[in-house]
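Across the two complexes that follow, chain A remains constant while its partner is chain B and subsequently chain C.
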Partner chain A sequence: MSAIETDRLERRYGRRWALRDCSLAVPAGRVVGLVGPNGAGKTTLLHMAVGLLAPTAGSIRVLGGLPPRERPGQLRRVGFVAQDKPLYRGFRVADMLRFGAKLNPGWDQDQAVQRLSRLGIPLSQRAGQLSGGQQAQLALALALGKRPELLVLDEPVANLDPLARREFLQLLMGEAAQGGLSVVLSSHLVADLERICDYLILLAAGQVQLVGDADDLLAEHRMFAGPRDQAGLLGRTHTVVHASYTGRQATLLVRLRSPAPDLASWTVRPVSLEELVLGYMSGPPPAQAAPSLSCVSEVPA
Partner chain B sequence: MIEFQLDPRSGLPTYLQLVHQVRQALRLGLLAPGDQLPTAREVVEKLAINPNTVLKAYRELERDGLVAPRQGLGTFVERSLAGAGSAAHPKLQRELSSWLAAAREAGLDLEDVEALFRAAVRDSFAEGVA
Partner chain C sequence: MIWVAWRQHRIQLSSGIAVLAVLAIVLAWTGHQMTSYLHTSGLSACLAAHAGCDSFSHLVENRYGWLLRNVVYLNFLPMLAGVFWGAPLVAREMETGTCRLAWTQSISRRRWLAIKLGPFGAAAAVMAAGFSVLLGWWLHPFAQVSFGNGFARMDLNAFDVQGIAPIGYSLFAFAAGTTAGVLTRRVLPAMAITFAVFLPARLWVQSLRSHFATPLTVSYRAFGTSPRAGLGDWVVHSQIVDRLGRSVSDLTVITTCGIGPGSQKANVFTCLSAHGFHQIDRYQPASRFLAFQGIETGIFLGLAAVLLGIAVYWVTRRSAS
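Entry: the complex of A and B
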């Protein structure tokens, strides 16, 4: 079963396309990182997944069924923490839990109370008086309280200091380790995503640029550095995702279409997730230098 | 029980860092047959990493016959990597420490020491296989 499956999904606001031709299938039980520049369509995609927004065209399925907007019964299976982590600031923590219990049929009060006591968040405190990190933890604890099968988080750690961010991700990963939970979260903090995600979706300009298992994606890409006048050659047999040039040197992020070529006078190394994301976000390579075949030997595939 | 650390500058994938730390602990005798490895949940709650990363590391150790899962209990060390010479470790470490002290006294810095050490290792082990 897929956690989220879309088929030519599109969403338009007036004349502007927020998301176009988005087809992907995210397997269940994974921690999925959704990355891309501001305005890439991340929030739009997440809002369609949790049922806050209807598609303009195409379809989206969540946990094998229609999204909560069309099938309200799905709501109990999907947890959502919005970007601004909405809490009733005047409510005490205990009131927020009572509220969660009233609204959610599958609510697990014991576990929610335990979770907050482990985090050291007093039930008598008003939500508005908690620190930023504790507010984020409370929002996550509320989303987990309904025992969702899919948890969707829109930039959950964006405004947190490094310690609060770490504590939030420790809590989230601890929950993911218990199994039966799929997590999809958007973030700009690629170093965090590198640690916590095993699946990646990269959006830019409303379109999917890259999607897949994180280890597979890393295995399919290499960073090449070598003489600039030979840069065009790699593009013949492989996909150059991003290129940068300094003087006579070229540095190329390459998606391999066959085993890595063995090029004399080039160095090849694996890439980090951060390099991969930045390479795709920086867009296609500038016009390439004229290729010259003479100095290159390729290992037959 | 082993406590994992991550080195973001190592350039190694996270699961490999975990594998290496277990192998290192087995080699130094810090982990012995029958010892339990931390659960995936314990590891991710400390390091804030993906649970599948821990499982991947444990699967690799299991493939090498070093650890084995016990149903409902956790993952346990099966085999040690401490070689036949491990009894000599304390003495060798003392000798190495006094050699390092002599090297520093002679004015060598860390880079000098590492270069010297690497060269000696290369020579010594090349002789061994020749």
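Entry: the complex of A and C
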């Protein structure tokens, strides 16, 4: 069963496409990073998964069933932390928990209280007076309190300072490690995801550019550096994802189609997740067009 | 569930109730003052005896006319339910983004909307009913006193603030505010729209009211006193006609019969009957009060239902986050 599965999913706002022809499968039981530049359609995709938005065309299935938008019964299986961590600012923390308890039949009050006390968030404090990091933690505690099977986080650390960012990701990793929970989180910064995600989906311009297990992706890609005039040769046997040139020197991000070639004049090194994502986001090399990486062609069978 | 709505909107609800409570105390106090004045001045006794009580009426008007005429401002009360309760109800959550939190809990949007609409709608209806009863009592002593605009139950001033119509008005205002908020997703525009929609709707239905049932007519001597005076009719239209039933202006009558400061009353009346001038009033009798209240309330409840239907549809089917 996939946590999220889409088939030619599309969403349009008026005449503007936010997402088009997107087919992908997010595996269950993993921590999946959804990466892409701002405006790539990440929020649109996640909002459709948690039931805030309806697709314009195509279909989306969540935890093997219809999305919560069409079947409200699915709402209790999906926890969501929205990008701006909306909270009722006038509510005390205890009121926010009571809000969660009243609206979620599966609510786990003891765990929610423990979680917040471990984080040092006082129950009597008003939500609006908490620091940004604490608000994010409270929002996460609310989403976890309903004991979801799928936890979706939209840019959870985007507006947090580095310390709060680390604390939040630690909290999230601790929860994800307990197992049974599928996590999907989006970010426009790969660095945030590198430590926590084991599966990666790269979304750009409303389409999936790259998808797969993080380790597999790293194993499939190499960074080549060598003479510029031999760059075309490499492109014949492998897929050049991205190329950059300085003088006579070429640096190529390559997806291997066969075992790594042993070229005397080239240096080969593994890539980082960040280089990988940046390479795919900047697109094919200018001289020689790589095969188009549409959403459909990149989905593993 | 109700706790969620209460916790979220308790300041709005309780401040609204507090303002209305103060107003209710003012009404109760002035109502008491006026009633006791009617007794001590002897007007009550005069009216009970069905005597001509014009001089008493003038006394009452001098003392309390301004207060009675201000009743017209109470027509704005139901609108407040729309502006301060309806408009922010959903719009505020959309404005602050908390709808993304609320709509991803384990309850459907329909349910979520119901637990917001229920308590506020009930509060608006109960308070409208309370004020209606209070104002019915407040105005009751003046139903038979006529000065300028009447205050009988069928008269525009009094009809609109008592009976069941105020319940219809406030639920309509509440629904208009809520729906405007759902559609605009912003509190202030929703408030402005509620304000802009409520009054025209009220005035429009008010202009239709005289057609709810065919008016009755009564005919009597021109410039005379209607045989139905003091019965609490709502006189919709009044005109002088000649022998052939053609409408004539007051000015024509005055010049034809030479009515002026020096003219003799007897001569004038002889002239009037010689020309066949008589007054024709079209009126809605007081006995139609309940039927008219029912129709008026029905119209506004119907409008409220349509508006709430739009709000529910929009929130559950159309609204994006």
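Here are a few things to note about the model shown:
Rule of thumb we're sticking to: the second predicted complex is superposed on the first by the 287 of 301 C-alpha atoms of A that agree within 3 Å, B and C clash if a C-alpha of one lies under 4 Å from a C-alpha of the other, contacts with A are read in each partner's own complex, and residues count from 1 in each chain.
In this text, contacts are C-beta pairs under 8 Å (C-beta built on N, C-alpha and C of every residue); 3 or more make two chains touch, one makes a residue touch a chain.
Model, not experiment: these values are computed from the prediction.
On the shared subunit chain A, the superposed partners chain B and chain C are arranged side by side without overlap. In the superposition on chain A, contact of A:A191 is made with chain B only, not with chain C.
Once chain A of one complex is fitted onto chain A of the other, the partner contacts of A:R76 are limited to chain C, with no touch recorded for chain B. In the superposition on chain A, the chain among chain B and chain C reaching more residues of chain A is C.
Residue contacts after overlaying the shared chain place A:M173 against chain B, while chain C stays out of touching range.
Contacts of A:D108 after superposition on the shared chain: neither chain B nor chain C is touched.
When the shared chain is aligned, chain B comes close enough to touch A:V31, but chain C does not. Put simply, chain B and chain C get as close as 26 Å, counting only Cα atoms, in the superposed view.
Across the two superposed structures, the residue set of chain A contacted by chain B and also by chain C is empty.
Listing the residues of chain C that touch chain A in their complex gives 1, 3-4, 7-8, 96-111, 317, 320-321.
If you check the complex, the residues on chain B that touch chain A are 6, 8, 13-14, 39-41, 44-54. On chain A, the positions that touch chain B within their shared complex are 30-31, 166, 169-171, 173-174, 176-178, 191-192, 195-198, 215, 218. By the touch criterion given at the top, residues 47, 50-54, 68, 72, 75-76, 78-80, 82, 84, 86-89, 91, 95, 98-100, 102-106, 139, 142-143, 146 of chain A touch chain C in their complex.
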